[in-house]
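For reference, the structure is listed below as structure tokens.
Per-chain residue numbering starts at 1, and chain names A, B, C, D, E and F are given in the order in which the chains are listed.
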Amino acid sequence: MAKPTILVVSGHAADFCSRSGGTIAKYVREGCRVQIIALTFGERGESAYYWAQNPNSTIEAAKVQRKKEALAAAEVLGAEIDFCDYDDHPLIMTGERITELAMRIQDIRPDIVLTHWHHDPVNVDHGVTSSVVIRALSCASVPGLQPGVKPHPLPDVFFFESSVPHTEFNEFRIDTYVDITETQAIKLEALSKFTSQPFLAEWYTKYAEHRGHQAGNWTQRTIKYAEGFKRYTPYVGSFFPLSER
Amino acid sequence: MAKPTILVVSGHAADFCSRSGGTIAKYVREGCRVQIIALTFGERGESAYYWAQNPNSTIEAAKVQRKKEALAAAEVLGAEIDFCDYDDHPLIMTGERITELAMRIQDIRPDIVLTHWHHDPVNVDHGVTSSVVIRALSCASVPGLQPGVKPHPLPDVFFFESSVPHTEFNEFRIDTYVDITETQAIKLEALSKFTSQPFLAEWYTKYAEHRGHQAGNWTQRTIKYAEGFKRYTPYVGSFFPLSER
Amino acid sequence: MAKPTILVVSGHAADFCSRSGGTIAKYVREGCRVQIIALTFGERGESAYYWAQNPNSTIEAAKVQRKKEALAAAEVLGAEIDFCDYDDHPLIMTGERITELAMRIQDIRPDIVLTHWHHDPVNVDHGVTSSVVIRALSCASVPGLQPGVKPHPLPDVFFFESSVPHTEFNEFRIDTYVDITETQAIKLEALSKFTSQPFLAEWYTKYAEHRGHQAGNWTQRTIKYAEGFKRYTPYVGSFFPLSER
Amino acid sequence: MAKPTILVVSGHAADFCSRSGGTIAKYVREGCRVQIIALTFGERGESAYYWAQNPNSTIEAAKVQRKKEALAAAEVLGAEIDFCDYDDHPLIMTGERITELAMRIQDIRPDIVLTHWHHDPVNVDHGVTSSVVIRALSCASVPGLQPGVKPHPLPDVFFFESSVPHTEFNEFRIDTYVDITETQAIKLEALSKFTSQPFLAEWYTKYAEHRGHQAGNWTQRTIKYAEGFKRYTPYVGSFFPLSER
Amino acid sequence: MAKPTILVVSGHAADFCSRSGGTIAKYVREGCRVQIIALTFGERGESAYYWAQNPNSTIEAAKVQRKKEALAAAEVLGAEIDFCDYDDHPLIMTGERITELAMRIQDIRPDIVLTHWHHDPVNVDHGVTSSVVIRALSCASVPGLQPGVKPHPLPDVFFFESSVPHTEFNEFRIDTYVDITETQAIKLEALSKFTSQPFLAEWYTKYAEHRGHQAGNWTQRTIKYAEGFKRYTPYVGSFFPLSER
Amino acid sequence: MAKPTILVVSGHAADFCSRSGGTIAKYVREGCRVQIIALTFGERGESAYYWAQNPNSTIEAAKVQRKKEALAAAEVLGAEIDFCDYDDHPLIMTGERITELAMRIQDIRPDIVLTHWHHDPVNVDHGVTSSVVIRALSCASVPGLQPGVKPHPLPDVFFFESSVPHTEFNEFRIDTYVDITETQAIKLEALSKFTSQPFLAEWYTKYAEHRGHQAGNWTQRTIKYAEGFKRYTPYVGSFFPLSER
């Protein structure tokens, strides 16, 4: 089988990295193409430290800073990143924006899509991103979206971690753990690029340890760091996918 | 009691027929008025064969073709059909469109409303249609929508089949089966009018047999073809509605 | 169609009457056979007034009193009643008891079964009754329960009201209302026989009014008294069962 | 601790009063500030009597009347009220409106937020209000909504009663009862100001009795009138909050 | 990795074959050990044809016949089978029986466990089997069940198809499809051994086609026959398990 | 109000301490009576280290050891503890045992009951304990359980943490956090008494930090250690219970 192409749709500029940076780095190491689409720069919601340091700055300046950070982080991971600049808090997705996203999907033709878990009342943009990705995938799968362009059937879709630390409140229920022990260092380096959110490394290391603890408990072996996901589309294959023990 | 009036709200041009064509034909035979409203022509999502045959066609031409097909199918069933031409994939319902639909409901004054099941991630337009019909019914039931026009209280609402074959994925849970054995032939004739979707007859015959098998299993008799629905509004009556055995 | 036979399985001695007495009386008026099975006398849980009046009484004496009351109530309604005497609070259903109940079902051959809603943490016996009725119906539907006795396929099953006034806490969700205005007086007379529970008439009149209010609101007409039920098995028929407006 | 500030977001002009008027009056008596925001005047959906009396009136005239009523009711309760005039049935919330509401939240800085339960198919505006309040709270909690303005973290949020009498249909599940016996008279006086909805006093007295009955049943004491709520955000404290018995 | 050992726990004599016979045969072909445990012979519930042909037979004679059939079917599949003879309809699992099952698990040490979906009101024994397998796995994972015997941590657990044709009623939601096209012929031969249930081949061929249709629809390729499962324990691995396209 | 009495029902010997030890110590400090009932000694499931050290020991000897540990831990917390010795893995609750527990409840007359969350497939005894406590509370609330003994109405019930680290898998959703920073040291000392489970201190410190992090995030202040609970019975009071900020 050809190496899979991965599309990661991130509501804000840093979500792709904090939730799935370790997994992205693993696929990149395998030689896969990973394309990230950030719907917004997270200029309002994700930039606490930036605003603390620059209380008189502007939204536009914040966007410039966030873009710089996200580009650097993606580069560390070895992934490409595009920005939609749709404005966050609240992220509003119109029909035109859904269509744009659907056309991007038809262009990228991903085998795997990663995006947010759909329920996240603490950070509603995340849930909006999730449902709009499903909607865009649905649109990308039909023949008349772009007559003459081949429709792209639904790939394997996985949802990543909702707003930490409120994962139980958000009813996030993991059924797939990826062991990221070997790429955790790369992920940390990528996270360090988000200077507007200096706490990311600590928080998400704690979460990666927590998920590693859970994953290791299921398989009775030591897993230092893991990322947790919820599979959305069914698995179809010749045999059951068995956990590595 | 007077013969009930039935309103069927269909997200795309063919949904009404594939999901409830047999039931529609039965009510028409009883002398009931059946009014169909198609929110879109399904020009993008439902016209796979059309686009395969006419790769250089336009959306407008596809709409013309779809309208012709849907009109022919409605005629076979004996129902009227109106088209909103709202564009599909994605179907976007604005406040104005909801109000238009609510006013149509106040005009038609249906005793029964049929529409899509609300959860259909494979075809998100279906879920949008479902929730917008509930919303329009809510608006149609209030006195100030059109001052001077009598509000129309919520009728008996039933949801029809979600995207086949993924009915379990869509969590569609039938609680009402209508035996369509006697009108299955008419339904097939109506389905044959959708030349842009030549597979409809085969797929929905299979599903009608499947639903018939289930319905027959519950009642311990042979039911060759059935359509399955989920009741939404409560039943109110003098006695329990009992299955026919 | 022949007149339907109704089986009502009541966890305690009075449940059948307080939750479905009005409906029972209606079916009896139509000439139907209604058979009640009370799994316990409710001697511990349902006899507050009895114990207040007879603090030094015994469980056996309480059972005698409860049986007298339930017999009188059933007679008022025009239904037959049998008692299993399984002891309440906690009601424990063994394999033998499930089999006994299944054999009774094969003997009665009901077209309609009424029993408790399955979730009732305030009165757990109710939930036990509900799940055990489903289990006994499952057993009664198989050929080898009593070789030589015809199995009885699942009839139309409806759950009645859970512990009042905590119906929302118990997640009871009505989808079927029966208008009992014409038999409310008979129901009240039957309830008056339960002298160990003198508050029944007041509570359940209030609830019948509440349910009537809801039922009337759905159908835009005045329904003075109603009983609310949740349908369990699907409806199968030639047309939709429509609310009476 | 300083006295808490309460924000009540009401979909229509009278919702705040019918669902939480007794609770509002209690907090006002304690010296708390209670600020109400009515997203619409309920000119279409809530003004049945007005339209019956003034069949030839206009939407604008209805709004004037509704505003007068709501102002009078708020004054009786001792609360302030602002109106957004967003039009009801259907209430449509754009990104701009969400941002406005979020800015109001940052300005008011509430310790408690009361709004609608999120599921209310009979009156969809209610559910829209609920989800939009959560979204606005999410936006109000981020640093970049209004650079230079302190973000407001999520307060304690409670949902009030959905459309009566269909609370079970709407899956409203109360976990918090407030005893309003002492302010029921004030609430009734406030409700009497809504002359376009003369039935409010009777309906909501019945519901306050019903909720009082439930609350009293849980605590084994007489509670004449209560209002029921569903807590949304978790409780955090030094000990468990214990019911008053 | 060593070849996985598979344990299949079947409520009745034929369940293992009708729901997972194709998958079993595939694992056997790969050289895996597959051990089946049948809790009962299904002598009451699964032997309709037997009782029709032998109306005067006994439960014991039915068991003998069923055992013969199940042994023959297991042999065709290439799997071992043991019988607990616990009596069906109703299947009652005591503490002793749970412990016995847990000890068998510690003995077999499976990497994969297949058993029933947990919700199956039409055939309650199935749900009992499901929950009791989870309970036995929990017991088998602790050190003191059999001091001196190594506990067996939870393996990868998958639930197979609930009672057909009522899979939507039973809320069975597949997330894992196994393509059994290459072993469908073996499965059919195995099913033919159950002469007490001559309809199995037809019903389960239809279901395997239905599941194949769904699986093929997800992966856009032709899958003639498939079996559907619901994963229970999370997947833990180095990468996502991707569908075969 | 008199100081509340707390009853903690623990499936195994150490559950009360690991999940609610900090909260227990706080109530004890306030002068409250805290009574623990341990249904089993956890001799099979909770004693991994004991069995590793004493591979040739017996169940009886393990029980003696576990009892010693639990007594010492309860003493550190300042609580009383009783043991039912019902045997764990699997814990089987008969009607007699439920009645015994109900009689103990009528004797203790708790204002607060703490027990397990109801869903815990990794450790099914926990869920059994939870449901049986609800059942015993239901039995304890009726007049005829022990004629002459005053029934005890349902107190405020809270569920504590399910099997860590699988709290999301177990769908445990916290709505009440108790800050245990001031008693964490006592809890640790108590946990140290469970020498058969030497890992408890580390695991539950990590969890108390995690819950503290969540609780602090909701209230925007530093909470070093917390325990998380799910309220079961509704809160009834004069005002809303507000989080301490």
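Descriptive notes on the structure:
Methods note: contacts are C-beta pairs under 8 Å (C-beta built on N, C-alpha and C of every residue); 3 or more make two chains touch, one makes a residue touch a chain.
Every value quoted in this text rests on a predicted model; they were computed, and no experiment measured them.
Shared contact partners of subunit C and subunit F, listed by label: D, E. Shared contacts of subunit B and subunit E, meaning chains that touch the two of them, come down to A, C.
Averaging Cα atoms per chain gives one point for each, and the point farthest from that of subunit C is the centre of A. Of all chains, the one whose Cα centroid sits at the greatest distance from that of subunit E is D. When the CA atoms of subunit C are superposed on subunit D, the rotation angle comes to 180 degrees, reported as a multiple of 5.
Interface matching across B-E, B-C or C-E places the copy of C-F, with more than half of contact pairs shared by residue number, at C-E. Taking each chain's centre as the mean of its C-alpha atoms, subunit A lies 37 Å from subunit D. Across the assembly, subunit A contributes 154, 169, 174, 214, 234 as residues in contact with two or more other chains. In this structure, the chains touch in the following pairs: A-B, A-D, A-E, A-F, B-C, B-D, B-E, C-D, C-E, C-F, D-F, E-F.
Of all residues in subunit E, only 43-48, 51-52, 55-59, 62, 87, 89-90, 92, 121-125, 169 touch subunit C in the complex they form. Partner subunit B is touched in their complex by these residues of subunit C: 1, 4, 23, 26-27, 30, 111-112, 153-154, 156, 158, 174-179, 215, 218-220, 223, 226, 229, 231, 233-245.
The touching residues of subunit A, counted against subunit F in their complex, run 165-169, 171-174, 210, 213-214, 217. Residues of subunit C that touch subunit E in their complex: 94-95, 98-99, 102, 134-135, 138-139, 141-145, 147-148, 154, 232, 234.
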